[in-house]
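What follows is a pair of complexes built around subunit A, which joins subunit B in one and subunit C in the other.
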Partner chain A sequence: MDALVLGLVLGGLYALLAQSFVLTFITTKTLNFAVGEFVALGAFVVLAVAGWSWLPDVGKLAVGVLVAAVVGAAAYRFLVVPFMTEGEHDVRWLLSTVALSFVMLNLITNVEGPSPQRSETARLSGAVDVLGAGVSKQQLLIAVLAVVVTVLLVVASKKTSAGLVMRAVSQDPETTSLMGVSPRLVGMVTYAVAMGIAALTGTLYAATVGASPVMGAPLLVASIAVAVVGGLSSLWGPLLGGALYGVLSEVTSYEFGAIWGETAGLLLVIVVLVWRPQGLLGRRTEVKL
Partner chain B sequence: MGKLRSMHKALGVAAATALALTGCGGGADAGGATGSAGEDGVITVKLGVVGPKTGPASLYYEYMDQTFETFSDDFEEKYDVRFEVISEDDQASPEETARAVSRLINEKGVHALMGPPLSGNSLQVADVVQKSQLPWLLPGPNADEIINYDIQPNWAFMTNFTNQQIMAVLGERLWANGQKVGIVYSADGFGQSNLQHLKSWAEENGHEVTAEETIQPGASDANAIIQRFKDSGVDSVFMGITQGADTATVTRAIEQAGFEPKTIMTTGTILTNYKDVADPSQWEKIQIVDPRNFLEGGDSEVLAAVREATGEAPAIPTNNISTYAILDIYAQAVQEVGDATDFEAVRQAIEDIETVHIGDSLTIENPFSEDDHVLYDDDPAKWHTYGFDENFELVHLGTAAECLQKSC
Partner chain C sequence: MSLEVDRLECGYDRAPILHGVSLRVGPGELVAVVGSNGAGKTTLVRTIAGLLTVRSGDLRVDGSSFARTSAARRARSGIVMVPEGRRLFPQLTVGENIEMGRRAARGRTGGEDPVAALLDAFPILTERWDQQANLLSGGEQQMVALTRAVAARPRYLLLDEPSLGLSPLKTLEVFRLIEMIRERTGAGILLVEQMADQALQAADRAYVLELGRVSMEGPAAEVRASDEVRRAYLGVAG
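Then we have the complex of A and B:
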């Protein structure tokens, strides 16, 4: 039972970050491989404003999210859009986002240094008992937030005009542009929201492990795996993927040792890719050639 | 035209990336370093230093840098030996380490090599450096395997303790009163070496390791590791972990699981990066052993001088001291030989060194012999046991031998 509970909580962390990948993929069919550095960016921005005693923690979080959102939108405009002009098979954005990842990593390291720095913003100390398992309050907060963010995104995409536009651009950007909607603008907004979520994850995670330039890297593989398992085209996907990945890796670690935990999670990805390449909740899209 | 513009932009991104990656690489050439005495009577040595100048592991270069900055003038004044440092950035990667070492030896013609600081990377280049027949100064690594005494003359000298030594000092403490021992170790050269020597000591002394678990750098939790320890009945934990931040992940999991082992021991690596990501309740039961006295005498003088000269905390306190020791040893040897380019004579002078100075008030006599190129030995009476107060300040609990008797 301990492994189940802790796996679900751990899956929540991965699921929250995985939403960054899912959001950009749904709308722009691209993934930002610099998400790990946006995790760190958010954490360090919040650390920078931590001394603003007049601003409550929620406000500091908002500053971190906002800065990452602006940088994310700019990254889409200047490092993704120019590298996807040759149609669906143009994947140069993949290289440009990887390059962005290296540049951001070096910049953050040069400015902040390599060592983890303590972050007290939005930090919950201690653990609570959940069905007999000791769960860190901070990790529980992140897991709950993963559910809340997912529900909000689903509701926004289905019930608001912005969500309608996002879905329209996702399905047929050319036709929507003929109707006066700018797919580029929608992409920028999506990237802003996605990188804001990455920054939010980073800030809350930094309260546990400290803010460091490389803090996002260990989360990246698991988050991509979670997004793929759940389905890159489904907003519910990260929750399901996170739950499965987290529980499987935690139970495997309990039974066979920590070294096998992550391996089991990645094996799950392979199984899902073979059985349902679009992910468990993803929709299969047919490309007319 | 659009394609051309895209290509230009792609090249721009690639160039920016390359610049960002290489921005701090390379080192200055040491034009006047002949290795013999100049008109002023000072011998200028071309010292190749390899380590991660950039990237997340850059603390492992910074401690060498801090020690040079603090003590270079002192060594020149004391031994008439000036260090001209030619540095190479290995970014802590094995491939870059091999390239950096090769450049320093073959292209830069250094008179001695210091680093790399990480055990795994040192192991990777050990054969190459040994064949180059240059004095190899190792203040950082702990893995015994780096020095193969079957090859003589041997060129490597270590001034940190080794993993075999720490296990010899700690073994009885860990297994005291029939305790069951579990080890959690980093998935790197340092961690693997810790595991190997703990198991060897246990086997030689009729014990067994009850649980062994590895932790990946940056792991988001260690809950499963601790649960397995609990389930196995482990009541004595050794953490052989390279980064303090990963140690914090383990102690956080210990607290979270309500796990209360009787003994939790680790190494001086906890002094780096741990305090900032852990809470007092997580470190109150942790103890470390180390051959250095961080609180008084020569070791503490070195740390105080680094703090004063650089205005920063020593990057890795244990290794700041080790770097001071190896520079003292090498400078003495060069002074005695009078020519840093007579590599064999310098190597022999190091091996025969009579007194190593650490700070103003600590000396270690005759540390080396043909088959012992390690500064410290494994006598528990000479090692110190430390705990931590609520501010993570070290508290001296006694020597390792005393703590074995009275269970500190």
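Then we have the complex of A and C:
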């Protein structure tokens, strides 16, 4: 039971970050492999403004999110767009975002040093009892936020005109441009939102483990796994994928030891990929005329 | 006042397709471009719409060049294309597809809503409003594609084979809709068709495109009456 609750909570963390992958995949069919470094970037920006006592914590979070959003939009414009010009089989963006990941990692390490720094912004201390399991309030906050962010995104995609444009671009970017909407602009906005979410995740996570240049790396593998299991083209996917992945890996490590936890999670990915390559909630891409 | 294509050359990677095509569409004018499969008709309209780059020559509207602007900007300025195969957003509803068309008309509102008249004349559109676009028949899809284009408030409308894959009866209906769009919106229409007869009957003027060159142009009735066109495109034995 404990492992189940802890698994769900952990899955929430992965799900929140997985939303960054899903968002960019839906509108641009690309993934930013530097997401882990945007996690760190957000955490360090918030750390840098932590001393601004006139600004409430929400404001500090917003600064971190905004900076990551701007860098994210620029990354799409200058490191993704130029490397996806040759059609669907052009995946040079994969290399350029991995390169960005290394560059950001080195830059952040040069400026901040390698060791974790304590982050107090938006930090809840203590634990609460959830169905008999002791859960840290901070982790619970992250999991709740994953649900809130997901619901907001789903509602926005169904009910707002920006959401309509997002769905249109995901189905047919070329025709979207014939409707007077630039798919490239939509991509930049999506990257901004997605990297903002990564930065938000980073700040909240840094409150538990400290801010460090490599803090995003362990989250990256798990959140890609979660995004793939749930389906890269589904906004609900991360919650389902996160719950399955989190519970499976927690229960497995509880029963068989820690090293088996992550292995079980990755086995889940393989099983899903074989059985449903588009993910549990994903849509097969339509063949169009 | 017109849409002008001036000695246009364009194509794909290494293959040049259009070799200096010139044509003109005036406001409210219906101009047909006919030509056999592979003549370059689709290449022509996609280039005017901004989906392919101009290699040489120019595109102008009311005298000013738009050859270097993006497809999205062209659409917002009222140069609107209905692509070959209709290209509705398959998982959006009819209403959402038409709503997407309105995006191109942002900032050019005022006057009566051009879509309302079409919805009155073709109640099927309203009946299907909440249906997913890929569940419609070909004829219905073409009606939605045309209505979506009208929602974009076109000044010039480019239609790439609107009758493709439709039964003769549906084709008639689509042509009736095109005629109505011309009356209601006053847009200049460039109609590209392989099924030449219907297009030439509806059009004011016409161009014949052969292997990327204009081989004949003139009033549609004259083009339709010429021996070459009768033999090559209208299936009349020579």
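As a convention for this text, the second predicted complex is superposed on the first by the 285 of 289 C-alpha atoms of A that agree within 3 Å, B and C clash if a C-alpha of one lies under 4 Å from a C-alpha of the other, contacts with A are read in each partner's own complex, and residues count from 1 in each chain.
The working rule: contacts are C-beta pairs under 8 Å (C-beta built on N, C-alpha and C of every residue); 3 or more make two chains touch, one makes a residue touch a chain.
For clarity, every value in this text was computed on a predicted model and none was experimentally measured.
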| item | value |
| --- | --- |
| Which of subunit B and subunit C A:106 touches, first, second, both or neither | first |
| First (subunit B), second (subunit C), both or neither touched by A:143 | neither |
| More subunit A residues in contact - subunit B or subunit C | B |
| Partner chain in contact with A:65 - subunit B first, subunit C second, else both or neither | neither |
| Touching partner for A:165 - first (subunit B), second (subunit C), both, neither | second |
| First (subunit B), second (subunit C), both or neither touched by A:41 | neither |
| Touched partner set for A:175, first subunit B, second subunit C, both or neither | second |
| Contact residues common to both interfaces of subunit A (with subunit B and with subunit C) | none |
| Of all residues in subunit A, those that touch subunit C in their complex | 161, 164-165, 167-168, 171-172, 174-183, 283, 286, 288-289 |
| Contact set on subunit B toward subunit A in their complex | 2-3, 5-6, 9-10, 13-14, 16-17, 20-21, 23, 54-59, 187, 213-225, 227-228, 245, 248-249, 252, 255-258, 272-273, 276-277, 279 |
| Of all residues in subunit A, those that touch subunit B in their complex | 2-3, 6, 10, 13, 79, 82-83, 85-86, 92, 95-96, 99-100, 102-103, 106-107, 109-110, 113-118, 125, 127, 134-136, 139, 205, 208-210, 212-215, 217-219, 222, 250, 253-254, 257-259, 261-262 |
| Footprint of subunit A on subunit C - complex, ascending | 49-51, 70-73, 75-76, 80-81, 83, 85-87, 89-92, 96, 99-101, 103-106, 134, 148, 152 |
